[in-house]
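One chain, chain A, appears in both complexes that follow, with chain B as partner in the first and chain C in the second.
Right after this comes the complex of A and B.
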């Protein structure tokens, strides 16, 4: 437990050495929505679209993409931050030190995952508050518990993916490009910006991504779109039960492999 | 040739060799990480498709009457594609050039490079050459694939002028790349500067929408960006977009912006370089 706490503390100390980063992560998902708003205005000439409504359940595309952008913070955090967490240690020159410490590397990984979860959740809360106070998003107290439930279910599944991403960097070293690519693939096949029903391929692949179910549920709660609460919760839970142990297993195997082959210190 | 002239030409030749050496070095490093190298050619497609799909979801098809009434182009795919194709050079400036010095720091070679017998701008110019070649290749592949897949017909008669506009835009963006590279020396965590700048430029540049949809203030800001004139110029030549500003004005402003941005970039870089060495923060992480 102490290892996890110390890892979280260390990560926050490093983050606070670069305060500009914190500001950037709070505002950037909201900034990414702006081009979509202008694109919508140019294509439709209004802020609502009937074809969009028939696919998404709401004609208003701005709140739709805004929620997608906010929730995608978790995706970036899981894939990008978790994936790069061990690569950063290589750059700092501390990877060998932490992995040769007399603790299970899995605890260090969980510490990094916990740090990223706390950070992303703080960003999401600030972003939601901005949406409530500036854009007039309506969140009643009764919805807060289900919102956090779905966010929790999403985080667990995504960090399973994040653990595998961390393992990937141990294996192929310069993996930031691959992580970016993976991030874009998730971005393409999840209903972050548009309803995946727009294309049969995106619809078929989105079924395997936890973000799809979380976004359906969160948009349902926040925008009052009809959705099946239990179905989405159970699917997310099943995905979590698969991805989390799988992520830890893959990380353990690859970490052992890099140690056996002596490639841990390779650049 | 006089002694002075020979000295100057030998110095220029020396710099050009150093610029090319930097270019070659970057290709070698990139080819060491093959999966990442291949990924760079696939990424633009994955990046572009969400914009198309978003457009399809909004329109329920490919063509927009509203867009046609504003720009003269009704094809959302062609309009968006040309915008995002050439904005790829923004990544070249902000990421590749800005990233260059931080990467050397990670590799532990920044100080070694900085004591080489060439001015620092030569190093950044080498990175610019490499990233232009690399990005150009990526864009060529992307252009062939997307135009074939979506059956986009381009006006080839305007290709020379379109490329001239792109060249001026690119040189202007180099100024931005030099600013980011310079700020990296002082701020270290380069990517925040890079990402913030590129996000703001992407918002203000009329990539997937015409200038007319932007609020008044952002429209004014867009007038100072090379990407604005580059993109609307290219789209006019290749797709026949109606212009809000005349062609001579576009080329005149692009030339002015390029002089201002390059000079400003060099100035910031030299100040940051001197500041970093004076403070002794060059090797600080």
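Right after this comes the complex of A and C.
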């Protein structure tokens, strides 16, 4: 546990050493929102649309997309940040020193994941405040627990994906192209920015993407769209139980492979 | 070879594939054993396989064949225990977080190496005091000099008080003052006073000669000879060396016709060229050698001396420690 805490502490100290990066984290939630508002307004002339409602289950376009942005914030921070975390260690020259420590790399990765989750959560809280105060999103205290339950279920599964992304970076070193592709596939086939019901192919493929269930649940809670609470919770839990051990397994296999090939600390 | 060694390496092989058909035998059947409390050196030029071997022993690289035990633990089956018992110091500056302070760095590595939380503060204070870095405790590492960074790296390696140290080119790139400090610290503090078992790799002959109780010559992935520095030097069949220091450019090939020499080494240092001829009869070949050197360079000094480890290495391998 102490390793995880120290990993988080170290990551924040390094972040704070780059003041411009901190400024980015403070202002980026706002910058995220404004284009979406303009895009929605330009497309439908208002913040609500009946044709949109027939597909999405809510007429409210902007809150719908904002919730997509919130969930995808977690998704992409897990994949990008955990994926690149060992690459950063390679740049610092410390990768071999942390991997020669008597600790399972999984704990180090969980620490890195937790650091990203804390950053993402602060980002998401600002986004939620924007939803509430600008777009009148109704968040009652009763909704807080289920919201965090679904966010937690989402994050655990994302750690599994993050482990795989970290492993991929160890293996191929420069994984930006592949991570971008992964990001675009998710934007296309899961209901981040639009209801996947708009196209039969996107609708069919979205069923296999864990993000879909978190989005259905969170939108259901926040926008009062009818959804099956237990079905979505159990599916996400099952995904967590699969992705987390799978992520660790993939990481260990690839770590062993890079140790065999002698490419662990290569750039 | 002793089975009771603190580090026991048997038949280690490591081959790296280069492209589809080429391969490099980085470590090619290496055996040695290091006793508890011994300071053992691996001396060889760059590319000899020393770092690859250190990485195998420290579990950062999986050998293709052979076995290694460290403190009695097997590197394949008990890698976490192996790591708990070792500290790895590498040359060069990038083994610390430059944006953190020495205290923050040591605190992080203490957590990573399982130092009990209660004792971390005292341990860090002790190590900073030991390294003379107390007044730099809260200064970012990026502001420290190269020598101070290496001192801090040493403190990092010692944070969990490991009984075994793997020290890879520890004085690489350091100025003479800090190199002297690091050498003295390794020999007097870590080895003599604290009784640490130390495997040191270096391509500096003087460093190995001064520090190590035993030395293994490593070249092209193999160990060519292994003994105490004194015995290695005594093993030379010819007991004298004719050394000519000169300015200019010399190729070893110009001495091909000198048959009385057991080996000839040409090396460059500080803008000067050193020709070292290992022979029993320096007076016989002196005039021939001088004549050949004069055609290409300006002679600065000539002397007859005794063989160094470099001469032994050249004699055994035909390669110089400065090669690579």
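As a working rule, the second predicted complex is superposed on the first by the 240 of 267 C-alpha atoms of A that agree within 3 Å, B and C clash if a C-alpha of one lies under 4 Å from a C-alpha of the other, contacts with A are read in each partner's own complex, and residues count from 1 in each chain.
Definition applied: a residue touches a chain if its C-beta (ideal position, glycine included) is under 8 Å from a C-beta of that chain, and two chains touch if they have at least 3 such contacts.
Computed from a predicted structure; not experimentally measured.
**Q** Counting residues of chain A touched by each partner, does chain B or chain C come out ahead?
**A** B
**Q** Let me test your reading of the model: by the given contact rule, A:177 touches which partner, first (chain B), second (chain C), both or neither?
**A** Only chain B is touched by A:177; chain C is not.
**Q** Please indicate which partner A:260 is in contact with in the superposed arrangement: first for chain B, second for chain C, both, or neither.
**A** In the superposition, A:260 touches chain C alone.
**Q** Would you check which partner chain A:24 touches, where first means chain B only, second means chain C only, and both and neither mean what they say?
**A** first
**Q** Tell me the contact category for A:102 with respect to chain B and chain C: first, second, both or neither.
**A** It touches chain C, and chain B stays clear.
**Q** Touching A:92, do we find chain B (first), chain C (second), both, or neither?
**A** both
**Q** Regarding the shared-chain residue A:200, is it in contact with chain B (first), chain C (second), both, or neither?
**A** neither
**Q** Just to be sure I read the superposition right, which of the two partners does A:136 touch: chain B = first, chain C = second, or both, or neither?
**A** A:136: touches no partner chain.
**Q** For A:3 in the superposed arrangement: first (chain B), second (chain C), both or neither?
**A** Only chain C is touched by A:3; chain B is not.
**Q** Give me the intersection of chain A's contacts with chain B and its contacts with chain C, in residue numbers.
**A** Chain A residues touching both partners: 18, 92.
**Q** Touching chain C in the complex: which residues of chain A?
**A** Contact set of chain A toward chain C: 2-3, 5-7, 9-10, 13-14, 17-18, 92-94, 96-104, 108, 256, 259-262, 264-265.
**Q** Could you pull out which chain B residues touch chain A in their complex?
**A** 32-33, 35-36, 39-40, 42-43, 46-47, 49-51, 53-61, 64, 66-67, 70, 76, 80, 106-107, 187-189, 192-193, 195-196, 199-200, 202-203, 207-210, 213-214, 285
**Q** Sort out for me which residues of chain C touch chain A in the complex.
**A** Residue list for chain C touching chain A: 14, 16-17, 26, 52, 55, 58-62, 80-81, 83-84, 86, 88, 90, 92-100, 104, 107-109, 111-114, 117, 140, 156.
**Q** In their complex, what parts of chain A are in touch with chain B?
**A** Interface residues on the chain A side: 18, 20-21, 24, 28, 31-32, 34-36, 38-45, 49-52, 54-56, 61, 65, 91-92, 172-178, 180-181, 184-185, 187-188, 192-195, 198-199, 202, 267.
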